[in-house]
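Just below sit the structures, each encoded as structure tokens.
Paired with chain B in one complex and with chain C in the other, chain A is shared by the two complexes that follow.
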Partner chain A sequence: MPTVIVDGREIEIGTDERLNCIEAARRAGAEIPHYCWHPGLSVVASCRMCLIEVGSRDAETGKTSMVPKLVPACQTPAKDGTVIVTESSKVKESRARVEEALLIDHPVDCPICDKAGECRLQDYHFEHGQAQRRADIHPFTSRKRDVGPTVSLFVDRCIMCTRCVRFTREVAGTGELMVSSRGSKEEIDIFPGYPLDNKLSGNVVDLCPVGALGDKDFLYQQRVWFLKREDGVCGGCSAGCSIHTEHNQDTIYRLKPRENQHVNKWWICDEGRYGWHHLHDPSRLVEPKRQRDGKGNAAAEPVEWADIIGLLRSDLAAATANGGRLAVAVSPMLTVEEAWMLCSVARSIDPQAMLAVGFVPTSGEDESFPGGFTIRSEKCPNRVGVEHVIAGFDPTVPRWETLLDAVESGSCTAAWISAAYPPAGNRPPSEAASWIDEATAARFEKLRCLIVQDLFTSPLADRADWLLPAAGFAERSGTWVNHAQWAQSFERAIRAPSGVWPEGRLLWNMLGRHRLYDPAVIRREAAATSSALAALAEDLPPIGIDLRLQQLATS
Partner chain B sequence: MPPFEPVLLEAIGTPDSHTLESYCSRGGYAPFEKLLAEQQPTDVIELVKSSGLRGRGGAGFPTGVKWGFLPKDHPGPIYLCVNADESEPGTFNNRILMEDDPHQVIEGTMISSYATRATTAYIYLRYEYPHAWDRLQAAIDEASAAGLLGSNIKGSGFSLDIYLHRGAAAYICGEETGLIESIEGKRAWPRIKPPFPAIEGLFRKPTVVNNIETMACVAQIARRGTDWFRSIGVPADPENPRDPGSYGPKLYCLSGHVEKPGCYEAPLGITLRQLIDEYGGGVWKGRKAKAAIPGGISMGLMTEAEFDTPLDFKGPGTVGCMGLGTGAVVVIDETVSIVDFLHNSCRFFAHESCGQCTPCREGTSWNQRILERIRAGKGRLKDLEILLENGNTMGMMPGSTICGLADGAAWPIKNAINKFRDEFEETIKRTNPEGWMVTDPVPALQIVGAH
Partner chain C sequence: MKPTDSSVRWIEERPLGLTERLYLPLVLQGLTTTARHLVSKKVTVSFPEERPAVGNPLIYRGVHRLNRDHDGRVKCVACFLCATACPAHCIDIVATESPWPDREKYPESFQIDELRCIFCGMCEEACPVDAIELTSLLDLTGKSREEMIFDKEKLLSVYDMTKDAEPMKSESMGGTL
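So, the complex of A and B:
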């Protein structure tokens, strides 16, 4: 195994690993500051913050010879015998000088900068900078420039690391951003008439190590130190990107990508990034309603959740008595755990209940980018997981269309339609078309009892006997399985609005379980009923697991 | 010293020196055709290696050795880029070669292409040379019509196309990899090395970048032989196996405060004083010289007392300058303020810094602004320390930048302050009698308003 010596400490790295000195030093616990280097982008070695001293140790004599000058750690590969010195006085002085240089033209307007609190320039200056400013220049004022529909550029805060430029060229493949002018008058800019407008544009804000690129959606909404950060999974499409949900007092302020090399690398798309606004939409359903009582009379009264548990069972039992049958649409928005509980509840009411995969929303084609990122056309996170769950109960795995035929023909007399679909295309719910149209909703006319569980009203909701509010993606806990069988577990980031019981809680209670809903318990039970989900019996690592690999390993 | 017969400049001043007819009448293109018919590319590389030719662009790297770095048996294409982005202040020898004897340059390019097995050569001209462009293009057209360019030249199986490429007036385009980026149509940001251009250069293919004057030297070596070339200049130091010597003629560009400025051909190793007195007619107006730039402003500054230094690849380094550079000598007479000189130098490099590496981008503009303040009568002695610190820490040599531009920006600062410190201190004390001694940091920042 190749050995690298970091500040006198020997660490071993993998034989085939191609690490640079920043990565190798990190393994040894030494953090080398850097701005321009990002593992997902090409190396330019231009910020010069990561300058270190390196040398090599001769394998035979054990003698160390050092390179006389400083070298950028990002550009220097760590090989067997590489000696890395990250804390010598030469290195420290170099860092202090780079910090001083970067601040010469920086406006230092931290009090009004959105990045304050998570700014590399602040952090590094605190750690590596010098206390006194020797430069004799009054910095520019902070000019703001509109570079696109999602991003504002604060020109003078920029430190010219060019991460954003490289991102648009190498990952998004759109190349809208560029460097204009020369020397200290250099600026990031767009070509007139060609704004930064692509489906991955928000990532440049995450990449920006300083406050130069501001996300218009987040700008001036919240100080970052008030935000709490929860690991989550994006529910926008079947890619299942790992995200951080950043929230305060049950309000989401922004979503950020969470590095996951198996799923989304370092990126998320704008559709997912801004796809949380519907959770806080005032038109959301927040009250459970029994719109018609068991005899078909209009009621539309709010009911207490504690009563609902029993009433749902009794209404469904009545509607499926005398040769009737229950049909359940298991929404691909549900987690594996919720889907399993819904199936179990349905089968406990009607042992012949039809368990069908709920409506699967799609939009366009899969869209791939040069950096290896793909936005999926299937706009739900867990169709695969729901199918695995249903297969454990009914190997034929009926589709949504099968369910529609069954409720229209009258072979099913009661239906529980779990939905929880966000409005299409990130539009406000009032403007977006509902997931179900009037004609499809009309096919549910013959039912004796219809339960609809959704985020917003719809033509189907109007026909429902029971209209139950559903939870949004950040309000659930459980496991989603993405298009490629990658399973990720997550905890809810925020609580559902007052008055809403998430599906998990309702179903847990309907199964007669005690105490609080615990997804881990259900996950293990679900894993026992489906061979495809067997791997879920263990706790999942934060980045998730590949169900197929786990199956191969256990078979 | 015997009178030196110019070789590279032999045709300059003769009528129609830029035409093919004139060039052929001087024996031009015959060496190329002979090499093509009789010798292998490796033989030509050996020829240039044995001549001891060192690149004339500034760094003085042995040309044959550079060619030898190209991968053997590469399927191609291999590119040759000829650097005519002559932007070093004070340098104009490439221009004279291109305008008045373009065929000499083109023959050198052909021979170099043959040696490196390049089938496409680009000549990268600076924007400000429209006349050179016209002359070179006309010469290329003439050579093509004569069957000296194109495919299967003279039935040898060797093909070559030469293209002119014009920059957009940026100093950094003369940096080897900046030039390559610029030809590729990108912003001329020098590349990080490795990979070096010989392995992965233009369009990610093996590439050699040589100077125009080097090309002319190659043409003359092919015509006159290595013995002739090695008979001129300063031989290698036998005590130092790493010294490749300074062989051959050199085009010195003499300008500034001399009676007869111009481009003069002289053997490498001529002293600065000889150049000024014998070629330049002495310092103008009967004044005394104060200092001189030995080879373009980035090489630093020599004081009058150091004028007996030989201008070969080793000489200027012995008196604290960076090197010979392009051989552009700019003489400064005793009336010039060194503060003004340094301000001018810093302004140039602040303007020309490409802006990629932080220490150069911010350092050069900081230096310029400090000198502006000193000239405005607000200087402090402490500023000299900051200038020197910036000078000592920016550049490729301390490792803080990707390319050598910052070294070139730093050298005049280091030389000027170290060699003329008294004058700096006197100027600062005289112009800022109240505040020259202040050492406090500059007052706190003005907090900017909301936008």
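So, the complex of A and C:
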């Protein structure tokens, strides 16, 4: 095993690992400051912040010889016998000089900069910079430049690390951003008439180590130190990207990608990034309503949740009496746990209940980018997981179309349609087309009892006997399985709006369970009933697990 | 620490002396203090008919005000540092892009819940542009809780009311323009 010596400590690295000195030092617990280097982008070694002392130890004699100059750690591969010194006075002096040079041109407008609090320039200056500013340039405000529909550029805050330029060239493959001028006049810019407008553009804001690139959606909304951060999973498409949900007082302010090499690497798409606004839309359904009572008379009165638990059961039992059947659409927006509970509740009311995969929204084609990132056309996070759950109850796994035929023909007399679909294409709910059209909704006419659980009103919701509010993606707890069988568990980030019981809570109570809804309990039970979900019996690591590995092991 | 701990030193109560046992000298001593206060200068005032004197208005911590800059615009840059420093969480700011070319953002709304405020002066201390200051106005009353939530206009009007008596910290005093 190759051995690297970091500040006198020997650490072993893998034989076929290609680490640079920053990564090797991190393994030994030494953090080398850096601006321009990012593991997902090419190496330019231009910021000079990661300069360190490097040498090599002769394997035979054990003598160490150091390179006379400081070298950039990001560009220096860590090999067997590489000696890294990260804390010598020479290195510290160099870091202080780099910081000083960067701050000469920086407006230091931290109080009004949205990056303040999570800014590398701030952090590194506290850690490595010097307290005094020798070149006292009067502070000025930064010039602001509109570079695209999602991003604003604060020109003078930029430290020219060119991460954003490399991102648009290497990962997005669109190359809108460039460096114009030379030397101290260098600026990030766009070519006139070609704005930064691609489906991954929001990532340049995350990449920016300083406050130069601002997300227009988040700009001036909240200071970052007020935000609380929860690990989550994006519900925008079947890719299931790992995200951080950043929120304060049950309001989401932004979503950020969470590194997960198995799913989304370091990135998320703009559709997912800005796909949370519907959760706080005033037109959301927040009140459970019994729109028609058991005899078909219009009621439309709000009902207490505590009563609903029993009423849903009795209404469905009455509608399926005398040879009727219950049809359940298990929405691919539900978590595995919620889907399993919904199936269990349905089968406890009608042992012959039809359990079908709910409507699967799609849009266009899968879209891949040069950096290996793909936006999926299937706009729901858990179709695979729901199919696995249903297969445990009914191996034929009926489709949404099968359910539609069954309710239209009258062979099913009651239906529970879980939906919870966000508005298509991130549009405001008032402008977006509903997930179900009038003609399809008309096929539900013959039912004796229809329960619809959704985020927004729809043609189907108007026909429902029971209209129940659903939870948004950040308000659920549970497990989603993405298109490639990758399962990730997450906890809810924010509470559902007042008056809304998330599906998990309602179904947990309908199953007659006590205490609070605990997804881990249900996950283990679901894992025990389905071989495809067997891997979920254990607690999942934050990055998730591949269900196929467990399937291979058990088959 | 237990009473049996070796570092605990136990002392006995001092036995009463003759004067203490006679009782009367101590009564006289107490009455002397009372008599001295009867004839000394009063420190209380009949508020609100009489106004108490404020020592140094510049350091007194009364009602807040939001200062204006040279052009009469609100000086605040909506940096949220006062809201961050506030231990009572009584400041609520909504920031937005400023309509002026020389400023980046400004407060669209700026509210202070004066009932929640503990008048510690941390907001004044945190402000990087000296926009929020505590005046020497000390009688703060209202008929409802809503009335006591001061918005931007009200805080600016406090400035207009007090700017002559209590000038804003000038540049020479270490303030910002």
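What to note about this one:
The rule is simple: the second predicted complex is superposed on the first by the 547 of 555 C-alpha atoms of A that agree within 3 Å, B and C clash if a C-alpha of one lies under 4 Å from a C-alpha of the other, contacts with A are read in each partner's own complex, and residues count from 1 in each chain.
FYI, contacts are C-beta pairs under 8 Å (C-beta built on N, C-alpha and C of every residue); 3 or more make two chains touch, one makes a residue touch a chain.
Model, not experiment: these values are computed from the prediction.
Note on chain A: of its two partners chain C and chain B, the one contacting more of its residues is B. Of the two partner chains, neither chain B nor chain C is touched by A:Lys63. Using the contact criterion defined above for the overlaid structures, shared-chain residue A:His514 touches neither chain B nor chain C, since it reaches no partner.
When the two complexes are overlaid on their common chain A, residue A:Ile159 makes contact with chain B while staying clear of chain C. In the superposition on chain A, A:Lys144 makes contact with both chain B and chain C. In the superposed model, A:Val44 lies in contact with chain B only, and not with chain C. Using the contact criterion defined above for the overlaid structures, shared-chain residue A:Ile104 touches chain B, although it does not reach chain C. When the two complexes are overlaid on their common chain A, residue A:Gln75 makes contact with chain B while staying clear of chain C.
Touch criterion met: A:Ile112 reaches chain B and chain C at once.
The interface of chain A with chain B overlaps its interface with chain C at residues 109, 111-112, 141-142, 144.
Across the interface of their complex, chain C is touched by residues 109, 111-112, 141-142, 144, 219-221, 223, 225-226 of chain A. Touching chain B in their complex are the following residues of chain A: 43-49, 51, 69-72, 75, 93-94, 97-98, 101-102, 104-105, 107-109, 111-112, 132-139, 141-144, 154, 159-160, 178-179, 181-186. Of all residues in chain B, only 170, 187, 189, 192, 350-359, 361-366, 369-370, 373, 386, 389, 393, 397-402, 441-442, 444-451 touch chain A in the complex they form.
Of all residues in chain C, only 77-81, 84, 95-97, 102-105, 128-129 touch chain A in the complex they form.
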